[in-house]
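Below you'll find the structure, written out as structure tokens, and then a few comments.
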Amino acid sequence: MFSTRRVVRIEWGDCDPAGIVFYPRYFAMFDHSTVLLIEQALGMRKLQLYDHYGFGGYPSVETQARFHLPTRYGDDVEIETVITKVGRASFSLQHRLTLGGALAVEGNETRCWVVRDDSRPGGLRAHPMPDDVAAKFRA
Amino acid sequence: MFSTRRVVRIEWGDCDPAGIVFYPRYFAMFDHSTVLLIEQALGMRKLQLYDHYGFGGYPSVETQARFHLPTRYGDDVEIETVITKVGRASFSLQHRLTLGGALAVEGNETRCWVVRDDSRPGGLRAHPMPDDVAAKFRA
Amino acid sequence: MFSTRRVVRIEWGDCDPAGIVFYPRYFAMFDHSTVLLIEQALGMRKLQLYDHYGFGGYPSVETQARFHLPTRYGDDVEIETVITKVGRASFSLQHRLTLGGALAVEGNETRCWVVRDDSRPGGLRAHPMPDDVAAKFRA
Amino acid sequence: MFSTRRVVRIEWGDCDPAGIVFYPRYFAMFDHSTVLLIEQALGMRKLQLYDHYGFGGYPSVETQARFHLPTRYGDDVEIETVITKVGRASFSLQHRLTLGGALAVEGNETRCWVVRDDSRPGGLRAHPMPDDVAAKFRA
């Protein structure tokens, strides 16, 4: 399955008065890792995807995280993201955020491939993923 | 079990280029709801808790959310938060975010009651919740 | 000139490891106050403005803030926002954030009234404000 | 004067429904650039500074930004930060955020060197910067 990794420096503004990362920030980090993985897997920028595939995005359907160790301002954490499942109209990813090799946060999420549903304003509905997308996610 | 509810106006800065709430923001909303519930249940502000109970906080151990419907800038959503389980050293909460009565986001999280662990710098360890805290959470 | 005020509870996630508001968060608070003021002055929601006036928004051209006193988690601050100047294609606002009556943060910003510029993708250009908008801002 | 530069990828979560960076996010980027510059100038991490200099931080006293061009999701912007003035108990910095060489956002801020003021809880007061700090900032 396709995977990617990156190093993130924990910023002062990521942390709360307890001196540790305010946990919603981890989801922002994971979201960006997901974006980067998809761009790398499909070989184009997120905004190009809309034109290329005529789709409406890949919103999160469910997300979950376990917090094993806190991380703090100045820490250089590594986030490894891997596609764990490719379904018909959805796919799942796992994020492992480590600090010095120790697992600090583990995240799992499922995304849905959607197209615009013109039957209602701003409407979106699930749609089977194109074959080449599924193949590239499995690579 | 103790519960609370509040209305939140979705702000421009909560939303992403797709025009819907950037989902890490939901966790920030849920976190604030958790703080408010605990303050109401225990009858004091979060910062007073540290002195009163000589403890180190109630960090998130695990959190999970399902996204049923998107919400958008200007929406007035209601968040209902309820304690779903009171354990020995941990407790769980559920958040239900609704828009016009329809369930948009459902969140579940488990928090741990911790005290400072002076055997290592910045250390924290799980500790049984005081009886009065458990009783008030169950009220 | 049109003005508005609101009370904001400082959230845990607004604060940094020094225990005080991470100052970029003040700009998010001011931005929301600006949105609310404009909605109240013009009598419609921000998203309706785009259709009603056929315009492209009112982006910030310049913003500035002075930090007099820190504010902390749990503080209930008041933000008073007033339009200070109505120009041909721009307008200025002042935000005064107070805690217990004492001035904590003072913000000043200038916004530009823009319309879409179809000569380039995503283009925007300044455009004179409609007369009724200027009149309502001066009310 | 001491200066530094870095490249920042604009993230999806940095942008608003207009598809451009929600401007409070620029201040978070500038804040991190300031932290990095100070760490590089003084040769130690921010948290070490507190022990080494026995001080209370360098909070922002005033900040200001001009927005010349919008930036969007996926843009790789460059932020150049330079110390523009070293006073007795304060110093100023300028941030220039460019996209493809064009100036998009210009920020100017003044920070104050503070020490703890034990005459009131959580108190801080301005204090002359150590000579070696001033010398390193001017390098």
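All chains are identified by letter, namely A, B, C and D, in their written order; residue positions are counted from 1 within each chain.
Rule of thumb we're sticking to: contacts are C-beta pairs under 8 Å (C-beta built on N, C-alpha and C of every residue); 3 or more make two chains touch, one makes a residue touch a chain.
Quantities reported herein were computed from a predicted structural model and do not represent experimental measurements.
Annotation of chain A and chain D: jointly contacted by B, C, touch as defined at the top.
Compared on C-beta pairs in contact, A-C and A-B come out with A-B as the pair having more. Separating the centre of chain A from that of chain C, both taken as means of CA atoms, is a distance of 32 Å.
In terms of their C-alpha centroids, the spacing between chain B and chain C amounts to 29 Å. With centres set at the average Cα position, the gap from chain A to chain B is 23 Å. The residues of chain A that reach two or more other chains are 12-13, 18-19, 22, 24, 28, 31, 73, listed in rising order. Put simply, chain D touches chain C in their complex at residues 18-20, 22-25, 27-28, 31, 57, 59-67, 70, 72, 122, 124. Those residues of chain C that touch chain A in the shared complex are 12-13, 15-19, 22, 24, 73. Those residues of chain A that touch chain D in the complex are listed here as 11-13, 28, 31-32, 35, 45-47, 73-74.
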